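Scroll down for the structure; my scribbles are underneath it.
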Amino acid sequence: MPKRIGAFGEVMMRLQVPGVQLLSQGNTLNYSFSGTGVNVSSALARFGHEGALISRLPNTSLGEAAAAYLRKLGISSSFVIRGGEYLGLYFLENGFGARPSKVTYSNRLESSFNTAPEETYNYEVIARSLDVIHFCGITLAMNDSVRHHMKSLARAVKQQGGTVIFDCNYRPSLWGTEGYTLAKPHYEEMLELADIVMMNEKDAIFILGMSSVQAEREEQLLELIPAVAKQFDISVIAGTHRSIHGDNSHSLRGFLYKNQSFFFSDTLRFLVYDRIGAGDAYTSGIVHGELTGFTPEQTVRFAAAASMLAHTVEGDTPMASEADILRAMTLSVGDVER
Amino acid sequence: MPKRIGAFGEVMMRLQVPGVQLLSQGNTLNYSFSGTGVNVSSALARFGHEGALISRLPNTSLGEAAAAYLRKLGISSSFVIRGGEYLGLYFLENGFGARPSKVTYSNRLESSFNTAPEETYNYEVIARSLDVIHFCGITLAMNDSVRHHMKSLARAVKQQGGTVIFDCNYRPSLWGTEGYTLAKPHYEEMLELADIVMMNEKDAIFILGMSSVQAEREEQLLELIPAVAKQFDISVIAGTHRSIHGDNSHSLRGFLYKNQSFFFSDTLRFLVYDRIGAGDAYTSGIVHGELTGFTPEQTVRFAAAASMLAHTVEGDTPMASEADILRAMTLSVGDVER
Amino acid sequence: MPKRIGAFGEVMMRLQVPGVQLLSQGNTLNYSFSGTGVNVSSALARFGHEGALISRLPNTSLGEAAAAYLRKLGISSSFVIRGGEYLGLYFLENGFGARPSKVTYSNRLESSFNTAPEETYNYEVIARSLDVIHFCGITLAMNDSVRHHMKSLARAVKQQGGTVIFDCNYRPSLWGTEGYTLAKPHYEEMLELADIVMMNEKDAIFILGMSSVQAEREEQLLELIPAVAKQFDISVIAGTHRSIHGDNSHSLRGFLYKNQSFFFSDTLRFLVYDRIGAGDAYTSGIVHGELTGFTPEQTVRFAAAASMLAHTVEGDTPMASEADILRAMTLSVGDVER
Amino acid sequence: MPKRIGAFGEVMMRLQVPGVQLLSQGNTLNYSFSGTGVNVSSALARFGHEGALISRLPNTSLGEAAAAYLRKLGISSSFVIRGGEYLGLYFLENGFGARPSKVTYSNRLESSFNTAPEETYNYEVIARSLDVIHFCGITLAMNDSVRHHMKSLARAVKQQGGTVIFDCNYRPSLWGTEGYTLAKPHYEEMLELADIVMMNEKDAIFILGMSSVQAEREEQLLELIPAVAKQFDISVIAGTHRSIHGDNSHSLRGFLYKNQSFFFSDTLRFLVYDRIGAGDAYTSGIVHGELTGFTPEQTVRFAAAASMLAHTVEGDTPMASEADILRAMTLSVGDVER
Amino acid sequence: MPKRIGAFGEVMMRLQVPGVQLLSQGNTLNYSFSGTGVNVSSALARFGHEGALISRLPNTSLGEAAAAYLRKLGISSSFVIRGGEYLGLYFLENGFGARPSKVTYSNRLESSFNTAPEETYNYEVIARSLDVIHFCGITLAMNDSVRHHMKSLARAVKQQGGTVIFDCNYRPSLWGTEGYTLAKPHYEEMLELADIVMMNEKDAIFILGMSSVQAEREEQLLELIPAVAKQFDISVIAGTHRSIHGDNSHSLRGFLYKNQSFFFSDTLRFLVYDRIGAGDAYTSGIVHGELTGFTPEQTVRFAAAASMLAHTVEGDTPMASEADILRAMTLSVGDVER
Amino acid sequence: MPKRIGAFGEVMMRLQVPGVQLLSQGNTLNYSFSGTGVNVSSALARFGHEGALISRLPNTSLGEAAAAYLRKLGISSSFVIRGGEYLGLYFLENGFGARPSKVTYSNRLESSFNTAPEETYNYEVIARSLDVIHFCGITLAMNDSVRHHMKSLARAVKQQGGTVIFDCNYRPSLWGTEGYTLAKPHYEEMLELADIVMMNEKDAIFILGMSSVQAEREEQLLELIPAVAKQFDISVIAGTHRSIHGDNSHSLRGFLYKNQSFFFSDTLRFLVYDRIGAGDAYTSGIVHGELTGFTPEQTVRFAAAASMLAHTVEGDTPMASEADILRAMTLSVGDVER
């Protein structure tokens, strides 16, 4: 049975130099609109659920274009408030081989989302309309006012009996120096509220300040994730380990910890077209599996395949249907479908 | 000495989403015109023969554009009749890595080609103007009227002493359920008329209903192809075995059966840019080798190299000259030519 | 108060050669999705109503892309049924000055919409969800089965007390020779059901077979429209007179007949970028004025300005907000807004 | 009855900055291939004749692309010789309103055409294959060797009883200072050989050194053209008067002098998209009218309408069919054709 | 003799939807970099002077691209300081006919330029390197810190004996409500320092609070400009009157007040391609005329022609050379230059 | 401390078919401007030196565009003379996998650079303004007049105590048959003048006519390079060995011979996007290392990494900063930088 899923987060405009040119070489940009909340609510809508975004957009041509783009992605905009003046945006220069991709942000702190005043969102009404709500660590890094909205919404959903998902998603550049110290209490507060959490052993070590006797990340994971789950009473913790190769391919292995057990996907190796947003595809796969009643084994394999496919499409937002993902889980690389 | 070669087949418009976007992401398409007959007659014209298409195009802007495109490819349009209303077309969404390409067809059964009335083609006149004629299994799948044109033309060419080429090219989606049963008598009729046939062991098993005691496709090939050649009195049977790898490369090995002997190309492994039409390049290589008096060893190697190069150009239609192919047969991967 | 408005009609893919090239010159196309129902429901959604389309789309990549496009336009897809195989499409070559634009259609009779079987639409459920429903003469020209859906829906809405809008929109190429004779009974049936009708004196003369003693179209209009309104008991009849000038500009004058009186807009003269769909913008303006309680004078001026603006945007579908139109009604040509 | 028409002239690559950017602003170019001979032979092929180009192209990728482009235009390439090294090319920056378009040439004197050695063209064989041959003053400006080919071909066609067309087309930048003195004997030689000549009063005054007592160009035309016709025994002299307006429109009036009488088209005023090649469309119209047996009145109106339409398409080469032109002669500006 | 000219102002990124699409329709943008200071210093460099920009750019890919763009325009970047984090940017949706263009700004107050700290610019060093410096009212509207830089630079140049140019350029949206009151003292301070001022009667009335007994703007101009020149001891005041027509053309008349006399250009009417930056072209023409020793009549005609040409190129920045402008002053609309 | 570096060489326009199409398939080109001197002076300017080009450009739109492009690259144009008529240009068709890239040149011998008359360059003034000057073997192949400029400049710089760099860069197609015999004395003259030379063992064997007892190129290198250094008294000789793989990757190993010792980089294997100009990046790295006082080990590793990165950007000209290269030397392949 389809669920009603909300995601709280900023909508950003992505401005990408086409091909592999640098900003100083070209004169055209491709644009789209995304964000962790956009990606997750859109992917879940594509899986058959009702996906709604809780956000704020300006009353400008940019806001209009963003709203149209969200509708195109199948996202319900009932909780998208219009107001404020600016839209956050970032520029993307694609890398190639030995040259990494580069992201340059505009000043997102003045965006409509990040300047949403006290009364912007009606937490109770929103909470009553949702079965599940998704938050992420990027939003948590913005400012006190956004954090207040975030925690209030989480609490409201919790009180209505809904499920709270939290993706740790720590971005050092957003928290600045002394970032881990600054971030820790906020992360702990969110972990207390969360039922499903996306993280791995690095988050435990760097954000939560845990320490491990192990040297290998696989071992650290096995040691620390159960400790986190226990400490914060979290039902499901999931995440990935990624390796990046020189031939334009990545390897990815998903894990899922639930009921005191770990479940792992195969290590998938695949060619990468667009890496941004592939983590959100993994999250969406985990959430869909949990909401739909997949076994943990199925869920982690589904999420890993969803993430793999998200690397093969242009743009931040996953475009694969459930059928596409199920086929990718079972088949080998195929010929043209005609 | 150049030969006069005709190919009977439909011209289709190919509408391709640029890059790797999906139809639901983009807003532009690249278009070209192709078809098995287009590809084969164009490739043979490029090798120095006279290549003519026998087909029917509508009297619309689309028909005009298609005719101009055929001329550009060097194809003689003396036997391209104008009439009817529609042009068949298909949409192509490029895959990437683990995500396969996807083809969506329009309703081609209403096309000018597939609704060509009784008197459209003057079989005798056409047959007298040609040394060789090419047909394929896609055309055979259309409808009774097209099949009538096809067989009448084949018979007329045969009576004039010309050579008949038939490419089995079975497409399950065109024949529907019970397709093999439906197709079998038509295929048998064409094989009776043909001198040169493109097929492999799968065609023998699935279309002709033969069975093999072997499990490996290489063994099945060695068992079944001679049987087919004998049963239908076919001079030359040729085809390929293809493997698809996860790193955007394919492997291809060509075979040629003639005078009770098999000849094989090396197994070529190469990066793939555009897979569609690469089979027609192989056919063209076989036909050119046979018409030009290559040894069977040369022919099969030439055809395999022609097919390999066809994977490296955009569009369905092979663009390599004889010189390009001969160089690809002898040289290793090269630096910029300047 | 916003109304719930449905429009019954086909979604077509528009494939436009960019700039002023011909299909035989270029190799790229821009695509979008439109149709009279799409244009009207989208425009009314933009004016603040709930706009829903009643239609049928195939389960293919094309259907997926069309559905995403409808969502982007703000159209509710609750009544968009998925099924069938094909999407109707047309090619547009832009004219320039003395050279007219040219439209080439694919075979739309095989489209999902035009092959929708008996049980496709639940007329009662749809009728209960709507205040108003819109139909047009293009749909009426398709086939008996589509006409059956159309009249059944009109009757169901009528029975629920809803308002029926009918845009005569006679396209000679769709009805063929003897078209007027063939069309007349169907048009009469729709006019009997309709409350608001889009037409002008030519429709009265050619479709309904009325005759006028007047020579000038302005006089014929004044004579015939009241007769039509009386005969079919229609509340509102509206339409336009258009003149086309050699300098890339058109002149347009809107009329509205209601309560035995005629109301006219000024004759607007304006530069034309994209003429297709501008009639639907006029319809949308009339409907919005009527539903919102504008005076007839306001309504006809609003509709004419809406139509004028629709000539200035790319694509078939009107993109102007109510505010844009109100400003265009009052202001002269302006400088950059910054 | 269709005629066999040849045109002798250089093929040049046209490299156009898209839109209205300057070369120093942009980074992309659109390319096509043209030339007076290309334009005339293509237009006449479009009117149903056999149009052949007599020219020379290099054996490079550029020559290959040019040859494919000629085929696309419907031009027979039987007399297109391959050899030499370079292709002439020019860059086009579009003007806008008060800013004129700008053309920058490459060094065309080293082109394959302009370095064609003595034995390149078999004058007798070519002359026997043609009913009509076309030359222009641009070719005459190249060098002695090209002039030798040109006059030899003209004489050969003349001896076979064919018709010789000569378009004066004097380009000051090609002849340099003292150009008129240098050009005069060559022009006189061509006029002696020609049956149909494209020129106006300015050519008579500046190239042939005639003088007129009149001040207005209309009067000068009436005085000088009959004198030229008489002196050189020319059957038909035709040309245009053009005025350029500030609003992106031109006015054009065609004239035709034949059997001691002048015939004029209306003065057509029209929006201009691409002015280059529109003179060749006029020539093609005159030639088609003469070859097809139009009355002189029809011919000059047909040619003027052909030229008008050639201003409305992209590229140098006329794209209108006979039907398109006949409609443009009779109809006013029209709505979308659908 | 070429002069050394500096311009103090912000560099902004211009992000333009191609063609006439809206941001909510398209998915690509063209980008360039501009600003009043950029436009003026580039235009004067194109006229043969040394043009330098005094500004601040971030150390990001955007700053890198902006710096490369300035170099391309021929602007010296000796005084372009690198620091801060953001670049101001704006989105441009082109209008068409009755639909105006629309500009949407990002939050420019956080830009590198607008957050330049106290010690950023070495006023004395800059002043010693320049003969002339240019400021504009847009910069004056930013914040106190920018105003401090602006006035300090103006004073330093004044003390070195240089010429100060001030373009009033009042933008209501930047000053907010009560803007005129807020702006007045700052404008007065700049006018006290300025030698050459760009303004018209509206600036005198609205910013300086002057009143006129006249009703027509032409009369108000004649009354108020001399008063301003006298009050603030300004050598040269210049500006334009513009009318906007419905057919995509504007009319422009330039004036120059100097030595108690008015000088006017003809009223030029011309088609408009890109209106943004055309005022800066006028300023550049006035400055060039003054620095080069043109008569006032020549200067005002040169400036008006420069502005007219700036409407015919893409982008904010004038691209015409002195020769281009001189020709536009003397010639009528021309044919292709080849 | 930054150095003043000049490079003497031709600027060519690069016209590239986008994607992997052939010239006969496409209709658009991307253009940029490059040349060995352009690449080297730009790369060194990017590393913080003053990079100047000594060259000659025509006074046309092409020359204007080239000059703007050089400025954008950060190259000083103080020694770029304007005159002559043409700009050399070349067309690039990208290869893919087994299909090599193809370059087609225009007639560069008529270019402004190659027709520069005697007095074009003031050798003494230029020499006094430079610390270092760079020449290459492509320029040496042009004609006697260019060679005269080249050697005169080299001698002038030498006399001023500057450093002379010479890149052997032998292109067989430019020297023709008997090329090595023709080239040898000119190469020897340049090697006599040079302090830093780019070459490898093949140049020693084929141009200088040396012979080696070794069969492997690595052994030949070790034998011949010291001999060359000794014979011509060269301080530094550097170059690369390259292998090309079938999977779109190359391997590169740099060497540096100095003070009787060889220094080698690791063999780097990397994906290749645009191979043209990557040799110039290597040269720039060697020169930068030498001028900046890197150890030879650092220099050769820096140059190899610079060359590797140059394969990953579009266009001939290296775009990497010193920081980019230093990071590429130390880090493994990375994730998105954000």
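Miscellaneous remarks
Read from first to last, the chains carry the letters A, B, C, D, E and F; within each, the first residue is number 1.
Going forward, contacts are C-beta pairs under 8 Å (C-beta built on N, C-alpha and C of every residue); 3 or more make two chains touch, one makes a residue touch a chain.
To keep track of the chains, here are their UniProt names: A, B, C, D, E, F = 2-dehydro-3-deoxygluconokinase.
As the structure is a computational prediction, the values presented were derived from the model and not from experiment.
Homomeric contact chain A/chain C is classed as same-residue, with over half of its interface positions used by both copies. Two chain pairs, E-F and D-F, are weighed by contacting C-beta pairs, with D-F ahead. Its C-alpha atoms superposed on chain B, chain A is turned by 120 degrees; the angle is given in steps of 5. Farthest from chain D in terms of Cα centroid separation is A. Separating the CA-averaged centres of chain C and chain D is a span of 46 Å.
Chain geometry summary: the mean Cα position of chain C and that of chain F are 63 Å apart. Contact of a single residue of chain C with at least two other chains is seen at positions 22, 24, 27, 68-69, 72, 102, 247. Interface residues of chain E facing chain F in the complex, by the touch rule stated above, are 68-69, 71-74. In the complex of the two chains, the chain D residues touching chain F come out as 15, 18, 22-24, 27-32, 60-62, 64-65, 67-69, 85-86, 89, 91, 93, 102, 104, 106-107, 110. Within the complex formed with chain B, the residues of chain A that make contact are 72, 247, 249, 269-273, 308-309, 311-315, 319-320, 324, 328, 332-338.
Listed in rising order, the residues of chain D touching chain E in the complex are 19-22, 24-25, 90, 95-103, 105, 171, 173, 242, 244-248, 275-276.
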